[in-house]
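Report on the following structure.
Think of it as A, B, C, D, E and F in the order they're written, each chain with its own count starting at 1.
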Amino acid sequence: MNNLGVVKRNIVRAPRAAVEKLSRFGVASIHEAMGRVGLMKTYMRPIFAGAHFCGTAVTVLAHPGDNWMLHVAAEQLQPGDVAVVACTTDNEDGMFGDLLATSFKARGAVGLVIDAGVRDVKDLTAMPFPVFSRAISAKGTVKATIGSVNVAVVCAISAKGTVKATIGSVNVAVVCAGAWVNPGDVIVADDDGVVAVPAAYAQAAADAAEAREANEAEKRARLAAGVLGLDMYNMRGPLEKAGLKYID
Amino acid sequence: MNNLGVVKRNIVRAPRAAVEKLSRFGVASIHEAMGRVGLMKTYMRPIFAGAHFCGTAVTVLAHPGDNWMLHVAAEQLQPGDVAVVACTTDNEDGMFGDLLATSFKARGAVGLVIDAGVRDVKDLTAMPFPVFSRAISAKGTVKATIGSVNVAVVCAISAKGTVKATIGSVNVAVVCAGAWVNPGDVIVADDDGVVAVPAAYAQAAADAAEAREANEAEKRARLAAGVLGLDMYNMRGPLEKAGLKYID
Amino acid sequence: MNNLGVVKRNIVRAPRAAVEKLSRFGVASIHEAMGRVGLMKTYMRPIFAGAHFCGTAVTVLAHPGDNWMLHVAAEQLQPGDVAVVACTTDNEDGMFGDLLATSFKARGAVGLVIDAGVRDVKDLTAMPFPVFSRAISAKGTVKATIGSVNVAVVCAISAKGTVKATIGSVNVAVVCAGAWVNPGDVIVADDDGVVAVPAAYAQAAADAAEAREANEAEKRARLAAGVLGLDMYNMRGPLEKAGLKYID
Amino acid sequence: MNNLGVVKRNIVRAPRAAVEKLSRFGVASIHEAMGRVGLMKTYMRPIFAGAHFCGTAVTVLAHPGDNWMLHVAAEQLQPGDVAVVACTTDNEDGMFGDLLATSFKARGAVGLVIDAGVRDVKDLTAMPFPVFSRAISAKGTVKATIGSVNVAVVCAISAKGTVKATIGSVNVAVVCAGAWVNPGDVIVADDDGVVAVPAAYAQAAADAAEAREANEAEKRARLAAGVLGLDMYNMRGPLEKAGLKYID
Amino acid sequence: MNNLGVVKRNIVRAPRAAVEKLSRFGVASIHEAMGRVGLMKTYMRPIFAGAHFCGTAVTVLAHPGDNWMLHVAAEQLQPGDVAVVACTTDNEDGMFGDLLATSFKARGAVGLVIDAGVRDVKDLTAMPFPVFSRAISAKGTVKATIGSVNVAVVCAISAKGTVKATIGSVNVAVVCAGAWVNPGDVIVADDDGVVAVPAAYAQAAADAAEAREANEAEKRARLAAGVLGLDMYNMRGPLEKAGLKYID
Amino acid sequence: MNNLGVVKRNIVRAPRAAVEKLSRFGVASIHEAMGRVGLMKTYMRPIFAGAHFCGTAVTVLAHPGDNWMLHVAAEQLQPGDVAVVACTTDNEDGMFGDLLATSFKARGAVGLVIDAGVRDVKDLTAMPFPVFSRAISAKGTVKATIGSVNVAVVCAISAKGTVKATIGSVNVAVVCAGAWVNPGDVIVADDDGVVAVPAAYAQAAADAAEAREANEAEKRARLAAGVLGLDMYNMRGPLEKAGLKYID
């Protein structure tokens, strides 16, 4: 109830070095390194092959049919940021297109994660501006369709000037595609999906991911040489104890 | 492009006698009798067990997060009508609750079909006001949340007074849950789903349904007596020709 | 390739005593007792509250838009049987209604499991004839709509009288809602879902379920008296070893 | 009830100039220009990257498991047409493959929109023949599987020669993936989805889309230069009135 | 990364008076009163008609195939609590049945919200123990299937005694069915769905809901008397300004 | 009940010549040639464009959150094999990644079909190791997260050393994505989906597919030359008999 109609300007972004280091690892590795938390739902997919990014979250809580808050968010974006848009209800409308992408890119944003739809996919691909979304939909929002004048969209003002309805927010904590994201968290997206790393754990997660990948290189070489995981992981004894039976 | 922001006041409702006759048959029978067209998607389900109705359609084209047009529609409802609400995008918000139901019922409406969500299910059940919907959701719309004053919701007006955005409509043709519905069509809903019967065919459909059911009574008796459909429908020859083989 | 267009007349049903014994236990217990296999997908739901049955399977492989094979199956049904209908493709059409139910009931069938749709739900409820299905749909199949004469439905016959297309089958092994079902298997359905018990294991499954339920009665009493599962199952040590930490 | 088993030969196609002009704009722009109506569901996706087309609709109403009507439609196709296939029930079978594509292409068709499945995707991609579909499925229809002889598929004829069952139709109004399409309407498909433009509004929609895109070019330049939408659209005042609060 | 394998014993529950007051209002009213936030996804449904409750959350983060943490949670439950179970991945297995329900009830719990499956629905209904879940599934978890001895389930311990894998937690913040829930929050569930009210706002939400309902009673009476929402809400002017046109 | 915790070492693979011949045809052709059976659900999609393979099945029955059985399966893989992984419940976790792929490839496996999720998509694409899966998910399984020591995962051992819980199996019959697969069956996957050909019918299916494709080449040429299917298949008469009417 305290987070409605609010734009938080000063947020604590994860340390730049941690973000930089996280950008060198894949989503699967980071997710594992964190203890397998923070992953968004698998319905979040890139709008073009190979789309990927790693940056700090500027969060947006929006309503279906309203991309006003995305314009508000643009002003809060700094170089290296990722816009993370949650929606108050399941919705696939194309809330984001090439005009907003142009604006976001001009602000230095490196990507968008949106639990709704996007459009102008061809243009976004050409820019390129990487986006992970729930859907692709040509159906835009009201704001995008009007000319050049002020409009009251979704939000409502009573005769007494008191806001009675929910308007969106920027830089509040949000649930996006099943993941809890706070402004300043690190958002990593690649072919395997999208993971949110809490700002306070970004460095630790990066270090853990590095350790994991180092560890994996050696394992990969052994497996490629024909060593079985059964032996490499000493699984045969536990499997036998677990009752596994080989038959011919 | 001609149907936006329009309320059609005079609509031609299906003949009362035809509606009355259709009310005596089930959705499955009517759907069959019509040649198996006009059925809504199977995700449309009653909000309480046994909900059913048969009436003439007052159609509504609404936007997610906006139930303004349902209030507009209330004025167009006449005794025996069914409100049929289509949405411009897939949405499950609870656009309809007990206040609107009270209003609709006061106007004489006999039910609601809505390709979105409803709420206040307990109250609607107690009234009872039968509803078939895509979902049940406590999430209301903007209109429902404000006090008593005028608001501009979803729709937008430029400085020049020209409408630039889509507002909803009442009594235009709509696609509701995959079915094409024109104002005045007969809407029949029961345990098996919802079917829309074009006003012009209402009498013919009723007659055909009657013929089907008469025909079925005799078949039912024979089947109950142990006669097989294989014999009653003379299927054995065709099945053999079709290559069906019995093995032991 | 060997199972197309075939009706197997002599099938080995699970022993009557085993079926009888299984009928006394719930689906969850039986499923557990079997080692947690044989459960159908959770989208299979009863068409009326409290629907349940336990019987031996007569299987049907049908095509969307064709319930011919259900009439063929009727002749193979014996008292205590359950018809299990798999479909060659995902489909929600109402392939089964009150006429077929009348016929099945006259044959002594105790229920239907169908990975497709059913209709005439009100009539089926009144009979009652319990059904577990993927969907409820008023859209019937071709056979159901014709009068009284032979028709070639779905299956196709060339000028030379050779069958070129797939027709359905009765009493072949089928995959129904993700479960493998052979004719004669025991099908148990209740509020928790549907499970298929291979005929050869019916007695063992019944015995195991009985043992489980006996075992549970004592546990239930202890839990009701306030004993914690943590203590009853001696979980505290393993949990501590697993690293669980209590904080204040 | 009047549209069953009918092939309409003479349809009024949208003016060629309007179609040509619409082909220069994207689906998102056209959809906006029309007032955000006519968009198909977002589950309609291209079978290969970059698939797109713009042409006039020849509509087909088909039944699952039956692509007979697609052969009937082939004869009605003229250069520049798009086949739009609606299905009487939700179905994903591959009703269209490379043979029909070869035939459609020979007739001058520029694409296919089908609310069902397609197959032979590799061949269709190589041709290329662009298709937007609900699914990709190797499961073909009966017609496609038979040799070279006449067959009665799905539709049924009684002994008296009277049609008792529904057969499909060509060039009747259909609901395809949630959109209402009349024969002759303009169908535009690209990365953002599929939109149907009524023939009567094709020219107006093209003009409106042109105006929108001209308008957007200037905005894009300003946004790229760092101007915020907040300022460009004069949103700050309305946002403040709406109660938006900035906090630090 | 800090919340894994943790059980928090001392949590701050919402004030009893606020919980009591909230229990008098419906989910829709409370959700509106809060500004339309905190609602769980609409796929969360009661396992029996009329199930409802209002209590304070004891949260559980569990893994598919593991209900160990539910036993751990039992010890933390106090009279008036509601167990809220989130799962680390989408899963429908029946993680909760009549034994755990017996234990929870003995502890004084008033209900369960679980973003996974439940089983033993018949027993839960008879008790009654109200549950809102994503699914009903007879497929239990490993813990439920073993006899009486310690087992290491899902979680894993290395030779050095260090936990390397994720185990679940109790009374940490979780995302359950799309809603953010902290231990001690008020959970209200009824026919319209499930809403989570932050403990700190429980009293304010209850007061706001009370105000809303008082306000609605008067409106309901006027609407029942035939007054139109158009007039009661003074919508006619704004609608005209928005461009709505009445035609005959 | 007999198939739990079992690894079958000696399986009868389909004849090499038949596999080789099948590899020359597409999934759609083979599926048709078999009489349209054996196709997996359409949600099974390739993780990279153009992925395809044809090989003999080594089957795996796994539990969510456990990829132990995939390591067990690795040892059973021979050159030309395809791993086919079924899951005991609907699950999208990434049970397979680049380490297992390295191992499988070292064993000579040509692909993977998994009714669950995969991760490390970028690496799998680079190898390339073709996979058809239900989902892409960075969420790994427990085994993948541990270092180098024995663990008891999912399966559980009682104090008496008796297995009480279900462990997975290798080379038992499984239901994978709706298709019944036995070890040794031929699995063919391409842009159109995945089909399982029983080993005993592999040669016949290959021959039938060859005949179909030969037959299609001629048809394709005629259709490309403008001949209509209506004429090539002699459909006009049957259509007329079926009641099809041409109108202007």
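Following the convention adopted for this analysis, contacts are C-beta pairs under 8 Å (C-beta built on N, C-alpha and C of every residue); 3 or more make two chains touch, one makes a residue touch a chain.
Remember, predicted model here, so these are calculated numbers, not experimental data.
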(request) Note the shortest touch-path length, in steps, from chain C to chain E. (result) 1
(request) Would you pick out the chains that touch chain A and also touch chain E? (result) B, F
(message) Using the stated contact rule, I'd like to know whether C-D or B-E comes out ahead in C-beta pair count.
(response) B-E
(request) Quick one: compare the interface residues of chain C with those of chain F and tell me same or different, with half as the dividing line. (result) same
(request) Please determine the option from A-E, C-E or C-D whose contacts repeat those of A-B, over half of the contact pairs being identical by residue number. (result) C-D
(message) Using Cα averages as centroids, what's the distance between chain E and chain F in whole Å?
(response) 39
(message) Using mean CA coordinates as chain centres, what's the gap between chain A and chain F in Å?
(response) 32
(message) I'd like the Å distance between the centres of chain B and chain D, where a centre is the mean of that chain's Cα atoms.
(response) 25
(request) Among the residues of chain F, pick out those that touch two or more other chains and give their numbers. (result) 36, 42, 49, 88, 90, 92, 137, 139, 145-152, 155-157, 166
(request) Name the shape of the chain contact graph, picking from line, ring, star, complete and other. (result) other
(request) Would you please name all pairs of chains that touch? (result) A-B, A-D, A-E, A-F, B-C, B-D, B-E, C-D, C-E, C-F, D-F, E-F
(request) Give every residue of chain A touching chain D within the complex, in rising order. (result) 5-10, 49, 68, 71-72, 74-75, 92, 94, 97-100, 102-103, 105-107, 117, 119-122, 125, 135-140, 143-152, 155-157, 161-163, 167
(request) Would you pull the chain F residues touching chain E in the complex into a rising list? (result) 63-66, 88-93, 137, 139, 142, 145-160, 164-166
(request) Could you pull out which chain B residues touch chain C in their complex? (result) 26-28, 31-32, 36, 39, 42, 45, 49, 190-193, 195, 215-216, 219-220, 223-226, 228-230, 232-235, 237-239, 241-248
(request) Give every residue of chain D touching chain B within the complex, in rising order. (result) 1-4, 34-37, 41-42, 88, 90, 166, 173, 175, 178-180, 198, 201, 204-205
